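The structures come next, written out as structure tokens.
Shared between the two complexes below is chain A, which has chain B as its partner in the first and chain C in the second.
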Partner chain A sequence: MSRKIPEEKYQKTFSCQFRRWLEGAKDPFAGEVEMQKQAAFAESQEARERREQDEKLLNTKVYDLENNFEVRIFRRFYKVFSVLFCIFLVAMLLVAVSDLPVFGHAENPVNNEVAERYIEKGLEETGAVNIVTGMILDYRAFDTLGESHVLFIATCTVLILLRRDGEKEQALDEDNDRIHEPKDDVILQTAARILVPPIFLFGIYIILAGHLGPGGGFSGGAVIGAGLILYLNAFGFARTERFFTARTYRRMSFCALACYSLAKSYSFYTGANHIESVIPLGTPGAILSSGLILVLNICVGVVVAGTMYTFYVMFRKGGY
Partner chain B sequence: MTIFTCILLGFLVVCAIAASLSKKLLNTILIFMSYSLIMSIIWVLLESPDLAITEAAVGAGVTTVLFLVTLKKINAIIKTESSQEENANEQENT
Partner chain C sequence: MAFVQNFPFLSIILSLFSGPLCAVLDGKWARRVNGAVIAIIGILSVFVLKNVIPAGQPYVYRMGHFSAPWGNEIRVGVLEAFMACFFCVIMLLCMMGGIRERETEIEESKQNLYYVMVNLLLCSLLALIYTNDLFTAYVFVEINTISACGLIMIRQTGRTFEAATRYMIMSLLGSGLLLLGICYLYAVTGHLLMSNIREQVQLLAAGGQHHISLMVALGLMSVGLAIKSALYPFHAWLPDAYGYSTLSSSAILSSLVSKGYIFLLIKIFCRVIGFDVVTESKVVNVLFVFGIIGMIMGSWSAIKEKNLRRMIAFSSVAQIGYIYMGLGLATEAGIVASIYHVLSHAATKSLLFVAASGLSDASGGSDRYADITGAGFRNKLAGTAFLVGSLSMVGMPMFSGFISKLFFAQAAVGHAHKMLPTVIALAISTILNAVYFMKTVIRIYTPMGAYDAVKGDGTGKADGIGKTDGTGKADGIGKTDGTGKADGIGKADGTGKADGIGKRDGTGKTDRAEENGAGSERSASDWQEVGRTGRQVVIWEQPAKSAALICFILLNLILGLNSDPIMRLIQGGIEMFD
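Presenting the complex of A and B:
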């Protein structure tokens, strides 16, 4: 038994809309999507005249081109020389590249006892299946600590340069910021609703499985930061500031950096004094294995995700 | 070296030249983004997936977004309504 539905409801059903679209009805979004062409650069007559006059003045009065032979020679030389210098530089670099050893050859200078040790003893000593992660977070963890701090210092610098002081200025900036943004854009919001959860899950997976496969703290953190930026663009600052503000960021990165430093100082202390570390390495391949690498990955991921998001917010409106 | 790698490397060179020669800033940024994407595929072919993930997330994602925000801030993407009004006022005055 079939059931009749009212005409209005039928118009809204997916199949009806699809059929109308197939038959070539008007695109419902045509002419309504906010998109503008870049305006052509237009110089007013007055400005051009002034610029030409300035150039003329500069050439006749300041350089005195007609009588000053040296300047004329120098200008010609400058043009020729810059081209020649570029060609010389390109040639030098190409020669240098052609002198490089063959990619992946066994006799290359990179294949020395250090790489041999990493490959042969890496799994045994760090417990990480992914040798790259074992290298950067165990053998060379001090470098990675420095990198995390570099990121943090970069954020501090961006804060100093771009932060707007005073609530009045900030409110003004906020108003300016949302004028040209598509407010509650349906396409963007639907796409974000579908895409953001998988992006977050993928980022968390990359961070947590950093010692088992490709990935790690930095890449996973960058993925999560990109997801946060997408969410912010779709739903606006009001939604994100419910769970992520400047204070959250400060606390998060402080905790992560402190945790990293503590964990690493413990292993430096035990390593330098030849004491057995209490933390077990576990079975290689299990998620809870390879000692401190999982913790360090999470710390780096938290710092990087916060930093990416903070960069974006600072560029947008200088404070949050 | 396979043909696929050669094609990708060729694209890389084309992107690098096109990015520096493009007149519009928006196009330059988009070309730069495609450069990063091609680079991340090349990283996969060079058997370093770690770098490929980072390149795709940072090079193609976050950097591009930051560039776009900067372009918007200096009004290089769209001519804003307020500046159009200002221009109209100026033309009326002159």
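Presenting the complex of A and C:
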């Protein structure tokens, strides 16, 4: 029996490594992944004393329990009343629900001419095969315009609350940046390398096909946002900040929302003044069809993806 | 369709567009854009008003190519246009009054976000005023809630974070109840458009079907909006939110945000459910009772309060009580009186907030009751403005508050069961108002010399030590937070925030400690101990604030002396609701 390759070379071949891994002789990632164990939470004696002291001060000075009659009464009755109130509310809502028309019945007031026209003429009037998209982005586009601004303003509020700017704090951020997760985790990075492109592609597909099938800007944007978060976790802030910062987010969402507002202003204005819109509806089923819906879906998708990512970054680091 | 009729839609879109625009501009430009947008929308609303008054009837403006029950639409009547115009004026004056406070209290890099919030808040108010669709109203209620939170916590101190959290929880509870109510209503009527719901509700009420779910829906929507506009038992979030946020935020929150919800509730009563159904239900009686309790309890809390701005905030609770009392009367006269009080309260409360900040400018930046002694002499314009605001709130003739109280009394007189409680509550509440406002007015017009006699009598030192303790505690809390972060519980606990909490808790505690222990003499010697010096503030030191104060005073006088045309306008608007 002669070996075709020497022992040393054989050790490095995939089949040998695989066999040894299968037999449990070797962990291929040993020594290559640096994992830090999270320190157990231990409160020092000093900290505990201080906490107890704070608690005591809070009770005696801030709430002034001795003299503050209202707080004492409130604390005593709060639990009882909250339970009673919840029971009352639940009972009331249940009674009201039992009074509502039976769910799903064909003659319910909900199944009126409004729903009928959405279902029967939705395709013809909006050009969208997906009636839901046609409803939210064409029939009731004003509501959705408000809704996408809700996302934007929620992000702005999180920015107000959590963004930190001082130089000293930024230095601290650099230190803190990756303390809590493994550095250069090969498993995560490999998985991310494989997964992130398909996730992005899938998100883009959902957005672009929103008027043709299930999907749309909100769901597709959420998928892309999840992909961005995975990428960030695998490769760290240094990589993502090269292409995505708070400034990028604000410009991006401004462009998307401005595009949305302007496009919809055009259709609101022409609609209200009974002017024929020049935007063609196209053939239903084609990718370039259903008028403005495709553009609006892209705008919404951009805003949602940015919002998800910004939320994550703000809560994790407080700035980017 | 005349071009003017596009203006309501244009003003909504303009304010919506300028929100994201401000996010990409820097603070200075964002401020200019914001001012320009508010002014332009105000002017547009004037044109709308001039167009819609002679027409004598409202018109609907469909948003898009599909008409009413399928697409969205807005509805423009006299009252809507007038409210939009009025809200723009108040908002512009509030923003003018608080320019310097915003510059000092808000971080440089977050200035532009403030204007994002204000622009979108204006947009949501306009949409709430004009909308003819319940679900659109809900969407813009969300924008309103979130932007109000942002306005509260942009001044980064522990107190405002606490207030914003409280506001968020209460307000989201209110939104949730409103949404539940809308869902119930949709399930029994099958519509979201206000006029269609009304037709269906009339049919249901006539046939007696689904009575329970209708009443529950009405109750849920009323309670939801009552929570959001701080009716008495739900007012716990209010004093902190108004008392510690930056000046223009507190003025806008007290005079516009809560009023937007009240206007929506009036619309729901008159346009969605139909007034006769509302009158038959017992919901109005509940609102009436809580309104009356609020009038008295709010004033009572204001009397006990030792901090000027918190006192004004508690006074808001009482005034919201007035408005709900008017709604609870469930007559057209009552609703007209309520709307008039919305106007007069909006004009007066923001005047009081701006004047109070002028008084504390003249007292070393302190809001505490003891420190503003004699401030009326040091800042004459703010003193005069505070006097005007106080007299208006108390209900002196010539000022706006008098007219609305008169209307309330007139509306109550014809009422079978509610006349006596209304008139008694008005009398008691007026006396209580007079107690705390006149006390403050006397305080700001008492010369410092009156307190010189008691200075340095030894007790003051004890207080001084108390204060040092206060800061000590604050440090402790600050540090605890610090350790929390070092332990790695969460990076989101910013140092900035932790520091803020520490600092602010310290001051908070100081305030309380003094409130508990200190009588007026001791507070007077406090003045000496702290070393806070009052200074003369001249009118042209802060031209924007002075101009805003003068405009507010004029507005108050206009509302007080020229009530007839406004009253007729409101009545015409209410009739157009049908």
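As a convention for this text, the second predicted complex is superposed on the first by the 230 of 320 C-alpha atoms of A that agree within 3 Å, B and C clash if a C-alpha of one lies under 4 Å from a C-alpha of the other, contacts with A are read in each partner's own complex, and residues count from 1 in each chain.
Rule of thumb we're sticking to: contacts are C-beta pairs under 8 Å (C-beta built on N, C-alpha and C of every residue); 3 or more make two chains touch, one makes a residue touch a chain.
Because the structure is predicted, anything quoted here is derived from the model rather than measured.
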* Have a look at where A:92 lands relative to chain B and chain C in the superposition and call it first, second, both or neither. => second
* To do: Would you sort A:316 into first (chain B), second (chain C), both or neither based on which partner it touches?
  => both
* **Which superposed partner A:49 touches (first chain B, second chain C, both, neither)** => neither
* Asked: In the superposed arrangement, does A:184 touch chain B (first), chain C (second), both or neither?
  -> neither
* Asked: In the superposed arrangement, which partner chain does A:120 touch: chain B (first), chain C (second), both, or neither?
  -> neither
* Counting touched residues of chain A, say whether chain B or chain C comes out ahead. => C
* To do: Applying the touch criterion given at the start, work out whether A:214 contacts chain B, chain C, both or neither, answering first, second, both or neither.
  => first
* Which residues would you name on chain A as touching chain B in one complex and chain C in the other? -> 38-39, 179-180, 315-316
* Asked: Can you list the residues on chain B that touch chain A in the complex?
  -> 24, 26, 48-50, 52-54, 57-58, 61-62, 65-66, 69-70, 72-73, 76-82, 94
* Structure fact -> As the complex stands, chain C meets chain A at residues 1, 6, 9, 13, 16-17, 19-21, 23-24, 61-66, 69-72, 107, 109-110, 113, 116-117, 120, 123-124, 127, 133, 135-136, 139-140, 142-143, 146-147, 149-150, 153-154, 161, 180, 184, 186-191, 200, 210-213, 216-217, 473, 476-477, 479-480, 483, 487-489, 491-492, 494-497, 505, 508-509, 512-513, 516
* Could you pull out which chain A residues touch chain B in their complex? => 36, 38-39, 46, 130, 132-133, 179-180, 206, 214-216, 218-219, 222-223, 225-226, 229, 308, 311-312, 315-316
* In the complex, chain A residues that touch chain C -> 38-39, 41, 47, 50-51, 53-54, 57, 61-62, 64, 67, 92-93, 95-97, 99-101, 108-114, 117-118, 125, 138-143, 145-147, 149-150, 152-154, 156-157, 159-166, 168-169, 172-173, 176, 179-180, 250-251, 253-254, 257-258, 261-262, 264-265, 267-274, 277, 314-318
